[in-house]
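In the part that follows, the structures are each spelled out as C-alpha cells.
Next come two complexes built around subunit A: one with subunit B, the other with subunit C.
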Partner chain A sequence: MAIFKPNRRSLLKGAGAGIAALGTPYIFTKGAWAQDFCNDPTNGKIVLGFNVPQTGSYAEEGLEQLKGYELAVKHINGEGDGGLLKTLKPVALKGNGVLGRKVEYVTGDTQTNTDAARDGARRMIERDKAIMVTGSVTSGEAIAQQSLCQEMGVIYMSGLTHSNDTTGKDKRRYGFRHFFNAYQSGVAIAPFLAKEYGTDRRAYHLTADYTWGWTQEESIKNATEALGWETVATVRTPLGLGDYSQYLTPVLNSGADVLILNHYGHDMVNSLPQAVQFGLRERQANGKNFEIVVPMFSELMAVGAGEAVKGIIGTSNWQWSLDDEGTKAFTKSYGEAYGEPPSQSAHTGYVQTILYADAVERAGTFYPPEVIKALEGFEFDGMGNGHTVYRDSDHQCFKEVLVVRGNENPSSRFDVLNVIGKTTREDVTYEASIFGGELGPYEPNKC
Partner chain B sequence: MNVFLAQLLNGLDKGGAYALIALGLTLVFGTLGVVNFAHGALFMLGCFCAVTFRYLITLETVTVDPEKLSPWGAPVEVRTPLVQNWFGDFGAVLVDYSVPISILLAIPVMLIIGIAMERGIIKHFYKRTHAEQILVTFGLAIVLQEIVKSFFGANPVPQPIPTDLRGAADIGVWFGMAPHVLTYPWWRLLYLLFSALVIGGVFAFLQFTTFGMVVRAGMADRETVGLMGIDIDRRFTIVFGLAAVVAGVAGVMYTPLLAPNYHLGMDFLVLSFVVVVVGGMGSLPGAVAAGFLLGILQSFASMTEVKSLIPGIDQVIIYLVAVVILLVRPRGLMGRRGIMES
Partner chain C sequence: MFSLSRKDLVALVVFAAVVLTMPIWLAPLGASYPGLMQKFAIYAIFAIGFNILFGLTGYLSFGHAAFIGVGSYTTVWSFKLLTMDIVPAMIFAVITTGVFALVIGYFSLRRTGIYFSILTLAFAQMCYSLAYSVLTPITNGETGLLLARDDPRYLDAMFGAQANIAGLPQPTFLGSSVTGYTGFYLCAAILIVAFYVSQKIFASPFGMALRGIKSNQTRMNYTGFNTKPYMLAAFVISGMFAGLAGALLSITDPLAGAERMKWTESGNVVLMTILGGVGTLFGPVIGAWLIKYFENIFSAINTNMLNNFFSFLPDGLQNVVVTVLSKFVGEGWHLTLGLMFVLIVVFLPGGLVEGFHRLMARLKRRKGTPDGVTSVQPAE
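And then the complex of A and B:
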C-alpha cells in the first residue's frame, strides 16, 4: 500500500492548485461584473461626471462646487497636499488614484434647470462613459439625476440638496446625500430659537413654492409648534420672484412677531434685504422685538444679502471657520488653490467625491452594488462634520448640524457667518420610515 | 383699512417701475415701429451702471500685512478705500450715496448705448417684419446679458440704500393713525416719487418742446414729416437714446430694491410687454396707466385673503388681465385704432 509522503515540491503544487481552485469563482464573478454594469472602467478610463449649474440662478454655488470636485480629483490622484485624505478615518485611498489608476472627469452645466440636469447626466453616462455622476444646487436637480442614475445603473452622489424628499419619498439605491436636510434644520434650530426668542411667538412663513420650500416649511413649522409657537400663516411665493414687497406688506399687520423665510439662493438674497427694508427688525409686535429667521443659510447667499444678514439665525451644513483637523486641512488646501475659503457647496462636493472613491477602493471593484454596500452604513470621521454615518436605509448622512448667525462685525469679506452652536448627530437622527420612499434594487441596469 | 392702504401703496410703487420700463418700450414702438426685445436688457444695463459706479468709487489700495495670516497660511490683505483717503468725510458720503449719484453716470452711458444700438443694429431692421425685429433684439439682449455676466459674474450684486434713507416711514402717523400701523420703506416711497418725476419729465419734453412736437408728428405720420424736410430719422435715433436713458435710470434706482444680476432684463421683459399691450401699443399714457393698474392688481392679488379665495391668482393676474384686454379690446386701453387690430 502506497503511503502518501508529502515533499516540498508536491506541497507547493498542492497549495498552488488549492489557491487557484479557491480563486476561480472570484475571478469568474469579477469577470461577470465587468460585463454586467454600465461604463465598467476596467479596460478604459475612470471618468467621473461633475454636473453643476454653471449658468442660471445658482451658477455661483455650482462653480464653487465644481472647484471642490476638481480639488478632490487632484487629491485622489496624489497631486497637491492630499487635503482630507490625511484626516479621513478610516481611509482606504492611497493617493495613487482609485484601485491604482488615475481618475479623470468631465463637467456639465445644469443651467439651474431640472431638465437640463437630467439631460447632462445622461450625456455624461452615454457619451463620456462616466462611472459616477455628482453635483446639484437644487433638490429638483438632485432628484432628477438620482432617478436617472438608478435607471441606468450609475451611482449618483448628490451635491447641495436640502429637501427631505431627496432621501425620503424620492430616495434611490444609487443615490447618496452627504448634505443635511430640512428636517434636520428644523430640529437643530428649534432649541436656539427658544433660547433667543422664547417659546411664546407667532410665526409667519413665506415659502418658495417648490419641493424644497414645502418640506422646509413643514419641518420648521413642526419644530417651532413643538416649542409652543403659533403659526399665523404660511404663504407660498413663486420661485425666482424678485420683488417680495406685495408678500411683505401683509406681514406687517398679521399679528405675527417672527417672519420665517423658507427661501434659498436668489430668493433669500432678495426677500431678506427687502424684509429688513420694510422695517421689520425695528418693529415691535405683541410686546416683543420682531425677528426674522432664515432656516437654511449658505455663505454665498449671506454675502449676496449684504448687511441684512447681520444677526439672522439659520443652519448650515459646514463652515470653513470650524477648528477641527478636517476643516483646517480642507480650508488650507482650498485656500492655497483658489485664494479664498471654501463654501459648504465646495465642501460637500469634495467630500462626496472622496467618499465614492474610498468606497470603490474598499470594495475593490467599480461594480455598483459592491460600491453601494461599501457606502451603506459607512462610519467615518475627519471630514469636517465630526463622526458621521451614511445610513443604509435611506442613504442620508447623519452628522452634527451647525446653527449659525450672520456676523455683526465681520473681520473680512469672507467672515459672514458665526457658528453659534452645534446640534448633535443623535439629536438630528430620525426614523427613515417617516419620509417614506423605496430605495429599489441593487442589481444594475445596463446603460 | 391700513392693510388696504399698504397694498395700494405697494401697487403704486410696483406700478411705477412697470410704467417706467413700459414707457421706453412703447416710445420706441410708437416712433420707430420696432418691437424691442432688448429693452429689458437696457434696464439691466442701467442697474449695472450703478454697480460699476460703486465698484469705481470703492476702489481700494491693497497692502499685505505679513503679521497676520489667512487660514490657509497666506498673508492677509488690508484694504483701504481710495475715495475716503482722498476726500475724507465727503468721500464717505459719496460712497454712501453711490446709487443716486450713479444716475449721473447712467444718463450719458445709456444715451450712448441707445444711440449705438439704434444706429448699429436696429436701423437695419426698420423695414423687416416684427418677427425678424423680435429675433434680432432678443439675440441682442442675450449678448448683452452674457457680456455683463462675464464681467460681474452670475450672482446678484447688492447695492446699499444710503444710510439716511434706510428703514420705513411711519406713514400712518401722517394721517392721524397710531404709530407703526402703516409703515412703508423710505426708498420705495422715493422710487414712487422718482417714477412720477421721470414720467412727468418725458411727457413734458414731448408736449412742450419743439423737438417733442416733431417727434409726436412723426409718430402720427412719419412720411409727411419727412416730406416737410425734417430729418425725422435723426430725431427718432435720439428718442431711442431717450428710451434707453429712461430704462437705465429706472434700473439704477431699482438696485437697492432688487440686487441686480445679469438675468434681470429678461425677468422684466415679458412683464413690460404685457403692460404695453394692455395700455395700447404706442400709447404713452396707456403704458403709464397700465403700469400702475397692473402693479396695483398684482399687489392686491397677493393678499392672503384673495389667495385663499382664488389660489394662485397672484401669479396669473397680470396675464389674465392681458388675455381679457386682448379679447375685448385688442388695441389696448388707450391704443390707437388699427394698431394690433385686423
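And then the complex of A and C:
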C-alpha cells in the first residue's frame, strides 16, 4: 500500500503548486469588493432583504410578516393605494421609490433557526447585494442577524422580537426595533391586572425555558410584585412541549389564584387550552375566582387557542381593529391585497420597511451612518401606534402599548381580541441604562 | 506514511481542483458567494467525518450534531477568553470534542444497531437541552454565544494585539482576518486535508478492520479480534471531524447557537451521506453540497423570480408554470429535497456516486469494451 516513488512525489508537488496557482487569483479579487460602504446601491439596484421563518415552528407569523414587507415595497414604489405613506407624519417618501429609484427585494427562509437566519442574511448581503436586511419572529433570530449586520456594515430592522435583550444587552448600532418588549408588557399590563383582579393576588408562573421567557417572567414578576401581588412559584417548561398536564397539576394545590403563562406561539396555543380544560378558570382559590393571564398575545395565537382565549388579558404591539387613521389605512390596503386583516407581525414588518426607506429619503444617501442618524431620535405619528419615538440610546421604539382581552363574542374569525386599554408612551418609557449593552461604532465595515 | 495509491492521488488532485475552483463553477448556479461556499466546505468536512463512522462501520449515529455544537462553543469561548487567533481555537475545539466523543462513544457503543442510534440521539438531545436552557451561563441559551468588545482575551491582552479596534474583534489567522474569500480558502484547504485523512483511513488496515466490523462483527470477534477499541477510535475520530467543522462554523461567523445541536441537524448529516453515497469518499461531500444548496438557494426563490424567469412564456401558461413550480421552491424547498431523497433511495440505493458509476458503466458498454465487469463496484 505504501508506494513511495520519487516520480509520485514530484507529481504531488506539482499538484500542490497547481492548486496554489489556481487559488491565488481569487484571493486577490477579494479587494474588488471594497467600496465606500457595503453594497452601495448608487450604480446598482436597490435591494432589500426580507428574512423570515417560512418553515419551522413560527412559519405562520413569518409568512404574515413577509406579506407586510411585500406590501411595503409596493407602496414605496408607488403601486397600490399608498397605504401608510399617506398617514405617516412627517413623511419624506414621495411614492416614487427611494431617492427616486424603484426598490427591489429578495426573500429568505430562516427556518426559525439562528444559523439558517444568519446564512440567509449573508446570502442577501454577499450575493444579492442587499442594502438593508429585516425580519424575525424570535429574538434569537433577531439578535443573531443584528450582530451579523453590524459586522457587515448593513442596517438590520428587526421584525417581531419581544425579548429585552434585542435592544438591551445585545443592542447594536446597526439594529433597530419597532416592536415592544417584555419590560413594556409588564409595565403596561400591571394597572389592568390591579383593576380587574385586585392587588392581593398570588401568582404562579409557567415560563418557556429560554431567554425570551426569562426576561418576560422577570419583567412581569417585578411589575406584579410592585402591585402587591405575591409570586408563589416560577416554573420553567421546555420549549415545544405538547402536553402541559404535569406542570398544571401542581398549580391546583399551590395556593395560587392567578396563573401567568409566559409562553409564545405553539407553546401558548397548547398550554392555554389545557389550563382551561383543567377547569382552572371555574376554580375558586383563596376566596377569589382563579384567573389566567397571557402577558404577550398575538392574533394568530388567539386564533390557534380558540375558545380558551375568551376573557384572557394580555398585551399586544398593535391591533387591526384600532380606529386611528394609520391603522385604518393599513388594514384597508392589506385587506385589499390579501383578503384578511393584518396581524401585528405583518404590521411591524411593514412599518420597519417604510421607516427605513423614509430615513434614507431624509438622509439623502444610503450611507449607513447617515441613515442611522436619521432614524435615531426620529419622532413620527400615523403608523397605527400613535406618537412614536425611535430612541437614540438603544434603538427601541417608544409608543403606546395595547392591553387586549380575548373577545367573548367574536363576530368573525379575525375578531378575536378586544382592546381594553392603552398604556401611554410616557408610562412604558424606561432608562436605557437598566439593561446594559453597548451600541458600537457608526463606521461601517467594508464587507 | 503520507503516500497514496495512484488512484487515491488522482482522486485527491481532482477533488482539490473541484473545491478550489468553486467560485468559478458555482457562479452560474447562483451560489458563488463566500458565505455559502464556506458552508459547503464546512459541511463537507462534517459529512466526511460522519462517513468514517457510518460508511465504514455501519454504525448509524443520530447525535453527531452535538459534536458540531461542542466544537462551536469551545471555539467562541477560546475567542472570548484567550485570543482571536483561530489556531488555538481549532485545537481546543478538536480536543474537547474528542473527549466528548470518548464519553458518549464509551456508553453508546455498548449497544449496536437501532439501540446505538437511539443512545446517540438521546445524548445529543441532552446536550441540546443543556445548551438551550440549563447551561445558559456558558451557552447564552436561545440567543447564542456572541463575542463582546469587553471580553477578557487574556492572551491578546498580554501581547497587546487587537487593542485599537473600533468595533467587534474579528477572528484572525496569524494576524490576517479570515472573512469572505479568505475564510472560504481556509475552509477549503482544511477540507482537502480532511479528505486526504479520510482517504488514508479508508486505505489503512484500520479502515479494513472497520469494514470487517460492518460486514460481520460477530465473525470478527470469533476470529479473536477485539472490535471495541476500533469502534471507539472510529467514533472519536468522526466526532473530532465534527468538532473541527463546528470550530470552522464559529471561525467564519463568530457565534455559537444551540440550534446547531438539534436532532434535525444530526438527521441532516445522515441525509447528506445517504444522498451522496454511504461508504464512498466523494459521496458525503456531494450530498452535503446538494443539501446546503437546496437549503440556501432554493429556499430563496420566490414567485417574483419565477415570473421573471418564465416571462418568455405566454401569459396563461406562465401563470400555470409559476403556480406549480412555486410549490417546490421558497417555503416548499423541503418538498423538493424530500422528493429527491425518495427517488435516490429507491432507484440509487448507493447514492449519487452509484448513479455516476452506472452512467460510466453504460458509456463504457456503448463504446464496445466488454471487459466482463458487470457488477457495480462502489468507489472506495
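Basically, the second predicted complex is superposed on the first by the 413 of 447 C-alpha atoms of A that agree within 3 Å, B and C clash if a C-alpha of one lies under 4 Å from a C-alpha of the other, contacts with A are read in each partner's own complex, and residues count from 1 in each chain.
Keep this in mind: contacts are C-beta pairs under 8 Å (C-beta built on N, C-alpha and C of every residue); 3 or more make two chains touch, one makes a residue touch a chain.
Keep in mind it's a predicted model, so treat the numbers as computed, not measured.
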Query = Between subunit B (first) and subunit C (second), which does A:Thr55 come into contact with in this model arrangement: first, second, both, or neither?
reply = both
Message = In the overlaid three-chain picture, which partner chain does A:Gln274 touch, first (subunit B) or second (subunit C), both, or neither?
response = first
| query | Is A:Pro238 touching the first partner subunit B, the second partner subunit C, both, or neither of them? | reply | both
Exercise. Of the two partner chains, subunit B (first) and subunit C (second), which one does A:Ser393 touch, if any: first, second, both, or neither?
Worked result: neither
Exercise for the section: Classify the contacts of A:Pro341 with the two partner chains as first (subunit B alone), second (subunit C alone), both, or neither. Expected result: first
| First (subunit B), second (subunit C), both or neither touched by A:Asn289 | neither
Looking at A:Asp115, would you say it contacts subunit B, subunit C, both, or neither? Reply first, second, both or neither.
second
_Once chain A of both complexes is superposed, is A:Trp320 in touch with subunit B (first), subunit C (second), both, or neither?_
first
Max touched-residue count on subunit A (subunit B vs subunit C) belongs to chain C
So the subunit A residues that subunit B and subunit C both touch are 55, 59, 63, 238
The residues of subunit A that touch subunit B in their complex are 55-57, 59-60, 63, 233, 235, 238, 240, 242-243, 245-247, 249-250, 252-254, 266, 269-270, 273-274, 277-279, 282-284, 300, 304-307, 320-321, 328, 331-336, 339, 341, 412
The subunit C residues in contact with subunit A across the complex are 1, 3, 5-6, 9, 12-13, 16-17, 20-21, 23, 30-36, 39, 129, 132-133, 136, 140-144, 146, 148-150, 166-168, 170, 180-182, 185, 188, 192, 203-204, 249, 253, 255, 257, 259-260, 262, 295-296, 299-300, 302, 304, 330-331, 333-334
Note: in the complex, subunit A contacts subunit C through residues 1-4, 8, 11-12, 15, 18-19, 22-23, 26-27, 29-30, 33, 54-55, 59, 63, 105-109, 111, 113-116, 118-120, 122-123, 125-127, 138-140, 143-144, 147-148, 150-151, 163, 165, 170, 209-212, 236, 238-239, 438, 440-441, 443, 445, 447
Seen from subunit B, its contact residues with subunit A in the complex are 2-3, 6-7, 9-11, 13-14, 70-74, 76, 149, 153-156, 158, 160-161, 166-168, 180-181, 183-185, 187-188, 256-259, 261, 263-264, 267, 298-299, 302-304, 307, 314-315
